[in-house]
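Here you go, one structure.
The letters A, B and C name the chains in turn, as written, and every chain counts its residues from 1.
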Amino acid sequence: METSIWRALLYLVGIMAFAGVNAAWLGWCERKGAARIQRRTGPMEAGYQGLLQPLCDGAKLLSKQLLVPQGVDGILFRVAPVLAMIPAITSMVVIPFSENVGARNMELSVLLLFALASIGMIAILLGGWASGNKYAIISGARSVSQNLAYEIPMLVTVITVVMISGSMNLRDIALDQQGGFWHWNIFRLENGHFVTMWISFLIFFICSVAETNRAPFDMAEAESELVAGFMTEYGSMGFGLFMMGEYLNIVVGACLTATLFLGGWDGPFGMTSGIWWFLIKIYILIFTFIWIRWTFPRVQIYRLLNLSWKILIPFSMANLLITAALIKVF
Amino acid sequence: MTVPVAPRHDETFVLNVGPQHPATHGVLRVKMTMDGEYIVKAEPVLGYIHRMHEKLAEAGSYAQFMPNTARMDYLHALAFNHGWALAVEKAAGIEVPERAEYIRVITVELNRIASHLLWWAAFLLDLGGFTPLLYAFDDREQIIDLLERITGSRLTYCYMRFGGVYNDIDDEFITGTRAFIKRLRSRWQRMYHDLVTGNIILIKRIKDIGFISQEQCRRYGATGPVARGSGINYDVRKNEAYSVYSEFDFDIPVYNECDSMARYMVRMDEVEQSLRIIEQALDKLPEGPVMAKVPKVLKPEAGYYYSAVETARGALGHRLVCTGDKNPYKLKLRSPTFCNLSLFGEVAEGMLLADALAFMGSLDLVIPEIDR
Amino acid sequence: MALQETTLKALQELIPEVASTAPEEGLTDAPGIRATDPAKHGHHIEVLVPQDQVVATAEVMDKEGYFLESISGVDWPDQQQLEVVYDYNRLGGEHCRVMVRTRIPRDTPELATITGVFPSADWHERETYDFYGVLFQDHPNLIRILLPEDADFFPLRKDYMP
């Protein structure tokens, strides 16, 4: 792999652009999706079908005063929103968009992604703590307990994929699934290893909804309980960065799901595989996130934790043991 | 629900829920002493939208108070109109023409459905489900349009008069109401029950949460769906039948579970019963005048009068003291949510914040009606 | 009307000294017990008790299975008296509303609390204190409820003009 400076610059610009466009227009998608589900039209004024709405929102957020209330921890208060964005963008570096499109092919990319995901949680905790607002602190505490609870089953589930593929490199995992949808980890039947894979997928998907703090698991910003949670004291672009970070986390979560379970860039019927298949898959997954959010009410915090500790963790552990046994047997 | 960890009370903090908070739907403030996410003590603080309607009643004539009634419970304003009209009619001995009574029942019940739909929407919003709000508003809008046609206003009605109603209903209203009944019935099971009531997250959130015993209801004077969700068969429309309610065949939904789910189901069933009442009233609607001959200035004879109506939230009472003057000497409004809310502190103790707010939603609070 | 009679009897036993004197129609301040026409007045029984009998009356009503519907005040400046009106009603079953009134002097408006009998009286009594300045003795938390904490007036007294 060539290592010229142009390649790095190209990917830097490309990833920033991809992240920026997604962070901005996923908000639009969310509003349109919500509107569709709720039988209304959503944004219609700015541009065709309100397509320019994200630009207007961005201009508005940027032009607002960056208000730092009295009694907050000034440094942490300013750092937290940035910290919410950075890991999400950095994660994109190791995501293989297609066989040849990917900034960095890294042996331990799965591990890196999970390490970065944990930093995102720290951003919420810092933001909540630095705000010095009771709602924000409760929200920070909630998000830590929630993320801890859901990281365990998520990681344990990923181990099953890693065991089967024999690699922690996302690109290798995707390469392993080429050649039509019957080769994708979730549907694979060629070998006895894969019979419990759909359970892994389900657990992983539930966990990624929880990890990205999306409804119905949006404990941290449960507006009817905690007003806006950790974002209560944030306005202007501080709030904007948190929102963008949230959407980017969804994108990263969808990319990871697509790569680990849905064959990455592989076409479903052995068709020309390429980056478009990857994009189609992640946007279907993202739509599912939106669909879930606007369909279900929010669960209660202790039920959420119980779901992880009492159901998902035992199931994922059992799933791991069964997969290991199956690998041994077949 | 089982409490995972026994709460320790040595490190508590005070959380002010409100007066500006998304879950209080108005300017209610609840001072909560919290231990982590557990509530050690919850104390509602009232009065943020207090307007002293009772003094305003004494300052004007009987008729002048009618617009004020709608400003209290703005969601079931017609029931408050009706309550005040009934109170003064009882004191002054005014007979109301039958057609007017039927029209009153039709409009009050339509308004009750609108109120329950809005409660349903707001309750789901409290639980984090945003989409049902739009579905309920869609149906509520139909009612508001119908009522606007005949009352002239959309929210704060001043439709009732002593001795009748302000405006007769026409054929367009009748056909529109029948069409609405058909529409809501066709949507009821599919969009309300299938989509929301059967949702597992909703059931887990409100089942066995917010237990109110029958004895608690009696000691705190809880009425309306709160009492009926605790197995108390009490509805002013049946127990103290006023207007022409005794002429209709309808049931009072009562659930014995005493939890938030029971209160939810009571309100959902009440919408269906209200549809039944409206249908029967439209069928039986007699011809005739809609206003009785009433003297310009009312001077009810001296004495104490009480009249009660059933609003969407419970029993509304008017304690009226007359001295034979043209102004009421004293009016006490017994608002249903004032009493329903008073048991919040006792029940919310030891609950999780999220559960307590779901429980508060199930009480169906309208703050201007509490604060009057 | 069975309920009305049993309640009437229970109340007459409580205050036998005035049980025989039925107060006349309309506004009166003579103690007594009277069955009224619910169609006209909305209540079935009207009771005017001496102020020291308020708690005992509440206990009787509690025993008979009533609930406290409301407490309100009435100002009678001509007689230099404040009146506190308690409304009791039944939750379900046979309907019977009892109005219990009591008169207290306007310059020393002190009255025993019935919060020990009905917890719902807590807020109703606070409201009556708020509007009329009736001081409920031994009330656990007699502070302003609807008016601001620092209000220094009692707005429903007839001589209060904003």
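Methods note: contacts are C-beta pairs under 8 Å (C-beta built on N, C-alpha and C of every residue); 3 or more make two chains touch, one makes a residue touch a chain.
These figures come from a predicted structure and were not determined experimentally.
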item	value
Identity of the chain that, by mean CA position, is farthest from chain A	C
Most central chain, judged by mean C-alpha position against the global CA mean	B
Length of the line joining the C-alpha centres of chain A and chain B, rounded to whole Å	43
Inter-chain centre distance, chain A versus chain C - centres from mean C-alpha coordinates, in Å	63
Distance between the centres, which are taken as Cα means, of chain C and chain B, whole angstrom	26
Complex contacts: residues of chain C adjacent to chain B	25-27, 40-43, 46, 65, 67-70, 72, 74-75, 85, 87, 89-92, 95, 97, 99, 101, 118-120, 122-123, 131, 144-148, 155-156
Contact footprint of chain B on chain A as seen in their complex	34, 37-40, 134-135, 138, 142, 215-216, 218, 222-225, 227, 294-303, 306
Residues of chain B touching chain C in the complex	46-47, 50, 52, 54-55, 58, 90, 93, 217-221, 223, 227, 232-234, 239-240, 301-308, 315, 317, 319, 321, 323, 329-330, 332, 334, 338-339, 342-343, 346, 371-372
Residues of chain B that touch chain A when the two form their complex	1, 4, 13, 15, 21-23, 37, 124-131, 133-135, 138, 199, 201-202, 204-205, 352-355, 357-358
